[in-house]
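Chain IDs A, B, C and D follow the sequence of writing; residue 1 opens each chain.
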Amino acid sequence: MLNIGVVGCGYWGNHILRNFNSSENWNLVIACDKEQSQINKVKSLYLNTRFTLDFNDILNDPNIDAIAISTPVSSHFELAKATLLAGKHAWVEKPLTSTKEESEELIEIASSKNLILNVDHTFIYTSSVQKIKNLIDSNDLGDILYFDSVRINLGLFQHDVNVIWDLAPHDISIIQYCIGKKPIAVNATGAGLVKYGLKNLENIAYVTIHFDDWSIAHLHLNWLSPVKVRKIIIGGTKKMLVFDDMEQSEKLKIYDSGVKVTSRDDIYDALVQYRIGDMYSPSIGNKEALKEEVEHFYQCILNGQHTITDGEAGLYVVKILEAANESIRLNGEKIKII
Amino acid sequence: MLNIGVVGCGYWGNHILRNFNSSENWNLVIACDKEQSQINKVKSLYLNTRFTLDFNDILNDPNIDAIAISTPVSSHFELAKATLLAGKHAWVEKPLTSTKEESEELIEIASSKNLILNVDHTFIYTSSVQKIKNLIDSNDLGDILYFDSVRINLGLFQHDVNVIWDLAPHDISIIQYCIGKKPIAVNATGAGLVKYGLKNLENIAYVTIHFDDWSIAHLHLNWLSPVKVRKIIIGGTKKMLVFDDMEQSEKLKIYDSGVKVTSRDDIYDALVQYRIGDMYSPSIGNKEALKEEVEHFYQCILNGQHTITDGEAGLYVVKILEAANESIRLNGEKIKII
Amino acid sequence: MLNIGVVGCGYWGNHILRNFNSSENWNLVIACDKEQSQINKVKSLYLNTRFTLDFNDILNDPNIDAIAISTPVSSHFELAKATLLAGKHAWVEKPLTSTKEESEELIEIASSKNLILNVDHTFIYTSSVQKIKNLIDSNDLGDILYFDSVRINLGLFQHDVNVIWDLAPHDISIIQYCIGKKPIAVNATGAGLVKYGLKNLENIAYVTIHFDDWSIAHLHLNWLSPVKVRKIIIGGTKKMLVFDDMEQSEKLKIYDSGVKVTSRDDIYDALVQYRIGDMYSPSIGNKEALKEEVEHFYQCILNGQHTITDGEAGLYVVKILEAANESIRLNGEKIKII
Amino acid sequence: MLNIGVVGCGYWGNHILRNFNSSENWNLVIACDKEQSQINKVKSLYLNTRFTLDFNDILNDPNIDAIAISTPVSSHFELAKATLLAGKHAWVEKPLTSTKEESEELIEIASSKNLILNVDHTFIYTSSVQKIKNLIDSNDLGDILYFDSVRINLGLFQHDVNVIWDLAPHDISIIQYCIGKKPIAVNATGAGLVKYGLKNLENIAYVTIHFDDWSIAHLHLNWLSPVKVRKIIIGGTKKMLVFDDMEQSEKLKIYDSGVKVTSRDDIYDALVQYRIGDMYSPSIGNKEALKEEVEHFYQCILNGQHTITDGEAGLYVVKILEAANESIRLNGEKIKII
């Protein structure tokens, strides 16, 4: 068994506490939060866990093997860096850091000290995303032409980040994990339609990602929609997939439909033909993603292997988030990703 | 009764023929098409109508009051200009012309000769769009914050225009008619994912329109989707509307939901509150839009009034289409609309 | 080519006229209706067809090979009998007759005179029902355990028959064609909730059909539903099927789900296990059913073969309709079918 | 605060434990189950609660004010009777008892000893059902013409009761609470399509309930459906309601649609006209029903008032369940309810 400390006992922190606590591979030894009120809300549920207001109580505990960080984005870098420098494995809530340089530094430290750096891209551990990865890896869909996501709702406005940094990590991590193409540039537009706070953060945004093979991805992110939509379409040369996460069953539908270009003798008169075939919806499991991730983190520490949501995956996401913000600042200009 | 001539007997031309033929206010006197085969397909249905291969047979017929033009976009300007110069009222399929200069010239000629120039933005005449116009005009939705449209399907690839020019006129004409804000700039991205023809036209595109009050519209246009989606969300400060044209009933849903910013003393801690209220779906009629348009065209000619889809409406659409193409050419750069 | 005469030019009669008229195998020679106003509505569409008020004009025309009867149920027997006795093939709208004795008499006459008697169970000719027949015949579903249909809407009240006779023939003809089991008894309940006419006919009814292998079918028929539902579930021992005819695509869904009884050593503790597998939705064609039926009728006349919706199929439906009415009259008592 | 004891720690018992435990008005003093394994599963969650194998430990504890019984139906009567005779208030899982005589006896004992007898018709405490009750009481729907429920899924087969006793109590309790009409007779059909156990219990059943004003209710209950459906339609003379409990939002839809009979001079030619009006979907709360029920039980004990799901409500349900079983035994015959 390994010993875990948790930083941040808010909404998501509480899910992290619950899953580490119920795991047979982990001891939930200690947890901290800057607000006593947050601690009071949860401590009765974890009677064998110490609670503290001071992060250093975790950092300086030599029994702690790993620290899970569930705090606002702006504090991720500092906390994760301290964790790794203290020789402990790090689990960091998404997005990994506020800048790509910070992500790169964390990756380097983890690597040099042989520590596991896991980014909590929880969605990757759902049965749905695992199935999508599977379908793409086995070439069922053929080459991927486009990825289109709509992730909108009447949402919890964040005070520190805009709608892109709040919602897009889900989609970008899916793109990174399932499709894995190299992003070369980003365009983004958006607006702060409801004014609040000092920063006039965007509440609605549209992001286009260009890959090195000219295929594209697009994200619609919106905190101001009357209906909640979680829908991804992935178009392949062989088949096309629709993932509707609001469905209670039949979340994934694969369409044996597509387009075929024929008679290219006279290129201008090339016929574009349509093929409408069967649809099928695979039965997928119903495991709790976070529980899967907690066990995977344990196994990777034991085996000295990267998690499937490692620092590089986190960096991939941060690069695109940064470029999207930059594109909005420059009126939608195409921002290269280096 | 007025006498109409129709140019172009293809798919849409046939609907135009049928509606002018069944109107009690119009004589369908003559129709032409460059292909005898097209004429042969339809002529048995219109036994009292002359069919010809030569547009001049219509143009030179002094009995003809108006000409309806249903041909490829590139020919609209020439045919409509000839029509107006011959002193006949013009009905032109959408989009009005290939360039905004051409649209402006047609508007000017029509104006100077007191002729009606109608652009066939058929969608405007549907009961659904009339109801949306109504709801916005009566301030039921409050100020409009955003307009988001998804118009995708496994579609008929066009050989002369890209997916924006094919599908976006529907949405832009709705924006022009229902919201009527002044567009000031456009960003667009897209890709020709399936290569065909000489031009590598975009099969998928995303267009953001910026208005002079900082609200925005966004269109997702796609010929490569396995599922057909026709869904528009309009977010207002008071209520929000979803128009799903694929529903057989309950196409329009109005949500009494929204966001309210309170306690702005300390601006950073402003609370953004959510209001989830009732939804209602108004019963809307089921009239054929094209039939409504044919009668409206007749009345406007009689009364010397502009149609609700006049040259200015057509110009509004063409300006945005042109800017979208220009933005794609310039890698998504924001293109001003003058 | 064969010569057809049509009796009854109302709503459905008009569809029959259109399909015989557009067939290359049929001459639509003559049509009659008792109301001149009905004739006036349609005659301009069939310029080569004679229209008459007198059925005898059709009956006595030696050139007529077959007569299609689309009149109220109560007149079917008399008209069809006269047709067959005149040596002409008969096409009769569903349900075949008002009593099973009448159906039996028509079957006998047709048989003795080697004439084709076709009952217009149009639904059987849809691509959906053909696909269902296919799936059942190939044993994809296994043994059929139950058939459940909901066929409800805010409907056109009939003045001569109740909701069972109006709507159930669709379902019963599907049961007869696709499942083909022998019905042995019927229970039915219902109510005339909206009073009108002299007969207080049922506007809502529920019918249970018992087959000779103890499997069952159930129909919910309702003219008073605010929503239109056309949904059939067929439960098999291997797979289960849902046919939702209100869907624009994906009308048929086949679920690889079911129940398995295991460990029967101790019968009381037998475990009933659930299997939730993949779902698939086959692509089905989009042919007009009535057009298919018109061609099939022609082929069967040429080849001297029964249609797939012959007199026996019609009799199957009438027997169950009669028993359902009888069961309602006797407070839901189980009525044997002989 | 009042002291509660709980009998039965299975699936539903656990929900009862949780809600009494988290209530500020109740002390969860003691709980029992006949199986130590069931106790072991839950006892760590309730550290201040005594667990026992012996019901008498609860019954004989003078501090216990009320006992909640969550055991198989066949034991309800005995346990509830002992509870009431011991002078404690009783909470009994649905259905109240196996026979109407038993229910009547419990009602009488509770009455004579001034004790509260609550039947756990949990559904009644959902926001949806409360809203339906409201709409009917305020005459928004007009007179109720029919109630139609479909409650089907690939379900947990029960070994002691058939599908009617398992699923119908939900619907019948809604009918009792919201509509409140007097049932006068029941017809039912059904089949044990999957054979298991000694009793060949029905896995699929259809129940028609007749009320004293000739309106009707119908239930479709099925453990063998590949899709889960929870849909109720209530037809009123003014409006009609659809309650789809599988929807995540918009569970309730009210249709301003209906039928109107006019021109009754000549009764046979009465016109039945259709009115299709707006639909609206009220926003409803999201409270946990069981929590509401636990607080209501407390208040009713304090005030000496019947709960809204009292013994009479339980008797109403049991009478119809008994009649339905009797009707199936007698081949669907109409069974009077006395």
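Of note:
In this section, a contact is a pair of C-beta atoms (placed from the backbone, for glycine too) under 8 Å apart; a residue touches a chain by one contact, two chains touch by 3 or more.
Because the structure is predicted, anything quoted here is derived from the model rather than measured.
Contacts with chain A and chain D are shared by B, C. Of the pairs listed in C-D, A-C or B-D, the one whose interface repeats that of A-B, with over half of its contact pairs matching by residue number, is C-D.
Each chain gets one centre point, the mean of its Cα atoms, and the points for chain C and chain D are 39 Å apart. Once the centre of each chain is set as its mean CA position, chain B and chain C turn out to be 43 Å apart. Taking the mean of the C-alpha atoms as each chain's centre, chain A and chain C sit 54 Å apart.
The set of chain B residues touching two or more other chains comprises 227, 276, 279. The touching residues of chain B, when paired with chain A in their complex, are 145-146, 148, 150, 152, 154, 157, 159, 185, 187, 189-191, 193-198, 204, 206, 208, 210, 214-216, 218, 220, 222-227, 233, 235, 240-242, 255, 257-259, 261, 264, 267-270, 272, 274, 276, 279, 327, 331-334. On the chain B side of its complex with chain D, the touching residues are 250, 256, 276-283.
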